[in-house]
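See below for the structure under consideration.
The first chain written gets the first letter, and so on, giving A, B, C and D; residue counts start at 1 in each chain.
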Amino acid sequence: MDVISYRPEPSEFAWTFGGVKPVRMVKPGDVLELWTEDCFAGKVRTSKDFVSKVIDFPFVNPQTGPFYIDGAQAGDTLAVHFIAIEPARDWAASTTVPLFGALSSTTHTPTLQDPLPEIVWIYQVDKQNRTVRFEAPGGGYAVELPLDPMHGTVGVAPGAFEARSCLVPDAHGGNMDTPEMRAGVTCYLGVNVEGALFSIGDGHCRQGEGESCGVAVEAAMDTVVVLDLLKGLQTPWPRIENDDYIISTGSARPLEDAFRIAHWDLVNWLASDYGLDRMDAYQLLSQIAESPVANVCDPNYTFVAKAAKRFLPTAPAYDGKHEEMKAKAAEYRAGR
Amino acid sequence: MDVISYRPEPSEFAWTFGGVKPVRMVKPGDVLELWTEDCFAGKVRTSKDFVSKVIDFPFVNPQTGPFYIDGAQAGDTLAVHFIAIEPARDWAASTTVPLFGALSSTTHTPTLQDPLPEIVWIYQVDKQNRTVRFEAPGGGYAVELPLDPMHGTVGVAPGAFEARSCLVPDAHGGNMDTPEMRAGVTCYLGVNVEGALFSIGDGHCRQGEGESCGVAVEAAMDTVVVLDLLKGLQTPWPRIENDDYIISTGSARPLEDAFRIAHWDLVNWLASDYGLDRMDAYQLLSQIAESPVANVCDPNYTFVAKAAKRFLPTAPAYDGKHEEMKAKAAEYRAGR
Amino acid sequence: MDVISYRPEPSEFAWTFGGVKPVRMVKPGDVLELWTEDCFAGKVRTSKDFVSKVIDFPFVNPQTGPFYIDGAQAGDTLAVHFIAIEPARDWAASTTVPLFGALSSTTHTPTLQDPLPEIVWIYQVDKQNRTVRFEAPGGGYAVELPLDPMHGTVGVAPGAFEARSCLVPDAHGGNMDTPEMRAGVTCYLGVNVEGALFSIGDGHCRQGEGESCGVAVEAAMDTVVVLDLLKGLQTPWPRIENDDYIISTGSARPLEDAFRIAHWDLVNWLASDYGLDRMDAYQLLSQIAESPVANVCDPNYTFVAKAAKRFLPTAPAYDGKHEEMKAKAAEYRAGR
Amino acid sequence: MDVISYRPEPSEFAWTFGGVKPVRMVKPGDVLELWTEDCFAGKVRTSKDFVSKVIDFPFVNPQTGPFYIDGAQAGDTLAVHFIAIEPARDWAASTTVPLFGALSSTTHTPTLQDPLPEIVWIYQVDKQNRTVRFEAPGGGYAVELPLDPMHGTVGVAPGAFEARSCLVPDAHGGNMDTPEMRAGVTCYLGVNVEGALFSIGDGHCRQGEGESCGVAVEAAMDTVVVLDLLKGLQTPWPRIENDDYIISTGSARPLEDAFRIAHWDLVNWLASDYGLDRMDAYQLLSQIAESPVANVCDPNYTFVAKAAKRFLPTAPAYDGKHEEMKAKAAEYRAGR
């Protein structure tokens, strides 16, 4: 087991998926110890650091990577198991961004109204007690919220020679912004180009479902993943597996299409890996699916569709890859 | 505490919200012991009972009611606390319906493709063990799923002199199809017409989030509710409260508008009842909202937005009405 | 040919399609000379008459009718030929309405932003020169626009025991707001209830496609129609025929579903009345359809899909009903 | 006036906007005589050439270009005036494509239904008589349709380091598929990168509004354009000007967002170039806009919003650039 540690310089950030040269060559089975900057490139630190002043678009949501995975080819699946995701600082930030967010008109749902006010919320992060502290800027209310670290952005290079902004979620992954992407899960990503070109960023100390204002509790992260490759196995949309659930994602607009994609993919997954007839899978999902929304603010909206393993036939997904990668994670932890 | 028992004859079913004469006059504080027929009007009982053969549209989704609540006027809020929701039979049914459901083209998302096959799934209901049994018609797989009874359809007469099909969810409630509508919750409905005209139906033994095929585990129900009235308090969209959460709903198309309505309403609720500044409420919700989708199949899609009470200021919603109604429920149970 | 003249008193306006008693019984072949009030019920007459002050919801968009057509039954088609639509006054009005319109957040696409300002534009109507005069309230620009009178709202009672607000367009017609509904056209409406219950209102001196601010050049109208009945012929969505085009409509959200419905219906119309294979009709429409949008502001958005008759097989639509009704219109004009 | 003639070899086609090296350096004022291949890369020539057999994705919709325009920088506007667009062959092709098109489920609006059948329609092109001939494959109907050549795909490199598939329309232009892009118009494109990197392709002999099956009458084209640069003038979304109209475009999903963008941009255009107050512009557009839909099949849907110049103040758009480029076109024609 090779362990690669990598902390990018600001000049090394990637701002797209695709169209970027790899920062490292790695192998299936390698463990990556990574540092990721927050979505503001670290520039929002006080209540006066308005995005409209401190951020120079498109330099937002920097990614750590991409990593070229030896042997990865279009048509394979890259498995990324999250061993750890830990806030790298003792504070985190959130803001409103003019003409962005689900409860504002936006550049793509434009109206003639004035934008909402720009406000910054700084959260104190208490890693000991596993909390972040919300404080109303005007005073009057504060509350400790559970720390629940996750990555908003995880992906590979897209196909069709495209390069996509790190703000965009789509079939290649990217800015899906689902709280399901936490330590302990395995994420399956379809490979579109030689080397896969895996990148990661946009750590959140926690996030509400839908990420309604468009910004979570944004933080730099120390993250450890182990990688693996499933040769010749296609994964059309990003999937996630944890100990209790298999999870499909879909990213599209309008939001019902994101829902359709996630549930259509989960029907197909139940058919291919669990042997269910597609109509039976459709029926079973209609009664057991858990379908929390991921984001309703990004250029594509993202839905996740979850099926609890306890209701499924006992065939393991992807031939048991999740358990295999958990074993690697345990081995890594033991070796530290 | 008056207890009214009512079991409609088939000729007494309501097929709309609005435009129907009340079946009973009741008072705030009354307990209603109701029987509701399943959404198929009891006509789907075997694997051969295809909806296209046994149902004569629009005679689908029959409602029990409406009840005229003494003193209710436009601008008030009707509170409905669910004391019990119990399957009335030892079986339940689900189906595919041609050109209906999230993974099919429909009458309102039409394509030139052929419809999906029509299939019936009959579930055995085990009230002792609190399960329903899914069986794949072609054999090969069966599984016990937890019984989690709920009502898909709860509502009052709409405003603007409208009468809406019982298949439609909107600001008056109706066919919202959210699993959150289970025993123990209080549902708040804005009153639009004198007497409110409350009806209920569409019991589900359980339902996946999104109700993707358009049909849950459909069952007749024995349901007990207690009613109350909040005079002069407006509720723009249906709200739900349970011991742990306050919950707003929104019903619209496209699905992002249902999301927007639910979260906009929850922001306003946090401002009015909990004293938060609206922008702070928006920020807090962005980090704590739980946003499982309700239905993505009905004429309007429905979202729910949930805020956990443990993260909110201690002011109780609607002046503590939920706790008050729980006390009434306990009183009723004690009196049986 | 019987000619019925009818001018409603304010107390006789209808505010819904469905759920209203007929004001007159008429026969197929009858001519109706009608007066329709403007959508503001005549209450916006100066630049100070803001809708938020002078209109008491839901008393907006009053309809003249409904008319019970003798012999009409569910499953028939009502044909309405427009002989004349003429402004009844020498002025007309338009406004912005808070939280309404395509370039504003709305009650169903809510945001936390402030509403746009409320402004009234009064237009002078010159029937001699066939123009309406736009004047910028702040001065500086004025222009004569061609008078092109139309009805925004035309419909029958919906099915499924529903009553729908006059603001809503759907399969029963209603508030479709398409400029195609001008004098000289025949509108085909599927009958849902005995007597059909035809109503009409919402005259516009002219309207842009999409009616983006939600309000056209609103005017009371003197309108003459002749009615006919096509027994046993179903029309699923409102259709329009003029001398040069057959036109299907669809009303739904999101807007792509309105587009789908209109084009799906036009494919089916080309198959049923013109003998084209459905896939050939789909191909032909892909190359010849004219698809101006009707409204992007009402509770459902409306699209029209037009096929020029010169590109179609020579079989006349609805067995030549449009030509037959034009002959009746000529007979009426000759008899005046 | 320099005239550059360029006919790409198949190996020189561009498959994205952005991420491609320029094929030529040109200057503002240059005329380009271009040949563009059809969207099938010339591979659909008979009724047996199904896209699923002859096309190897993503090698579809090849573009001629990109051209590096000397002096172009982010924040400028590139003006492209179409001098001529003429079919290069005496035939053209259209098809259905599995899981593509407005009246089919698709990869992004997935259902569990079977795809529609794959059919090819070959059109004869008669340049003398200016017609294309539609023939129903099963026989029985044929009709001559007017030749009305246009380019479906016109654009520059996007910003934010992106490279987008040539199938995608967005703020950079691309696959907008509007019939308005015909000879005689000037198209304004905001420049995002040094050199602008202009490409063009996807010629259509004609196209219905909405391009409902997803495929027009596809043809190779001989096209002549003249280019110019407006330094320091930003154009947020592609605009088009012809002798009678100024036209804004918007590309997004759902379709109402494409409508919003196009009309919001046209309001802003009326404010900036014609001196109208934004609210007056909104009102005026509500009464005069012509809003035919462009495409309802591509990854983003495209709307155009048109304002007739005869209803506008006399200030010319972009300081009269359209008339200036028409003069250049006349000069080019005189010099041939």
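Assume contacts are C-beta pairs under 8 Å (C-beta built on N, C-alpha and C of every residue); 3 or more make two chains touch, one makes a residue touch a chain.
Keep in mind it's a predicted model, so treat the numbers as computed, not measured.
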Comparing C-D with B-D, the busier interface by C-beta pairs is C-D
Looking at C-alpha means, what's the farthest chain from subunit C?
-> A
Approximate Å spacing (C-alpha centroids) for the pair subunit B, subunit D | 48
Approximately how many whole Å separate the CA-defined centres of subunit A and subunit D?
-> 35
Cα centroid separation, subunit C vs subunit D, in Å, comes to 33
Subunit B: positions in contact with at least two other chains | 103, 109-112, 116, 253-254, 260, 264, 267, 279, 282
Subunit C residues touching subunit A - in the complex, by the definition given at the top = 103-105, 109-116, 254
Can you check the complex and tell me which residues of subunit A touch subunit B?
-> 94, 96, 101-103, 116-117, 119, 121, 134, 136-138, 140-141, 143, 145, 206-217, 253-256, 259-260, 263-264, 267, 275-277, 279-280, 282-293, 296, 301, 303, 305, 311-313
So in the complex, which bits of subunit B are touching subunit C?
-> 15-16, 18-19, 57-58, 108-112, 159-165, 252-254, 257, 260-261, 264, 267, 278-279, 282
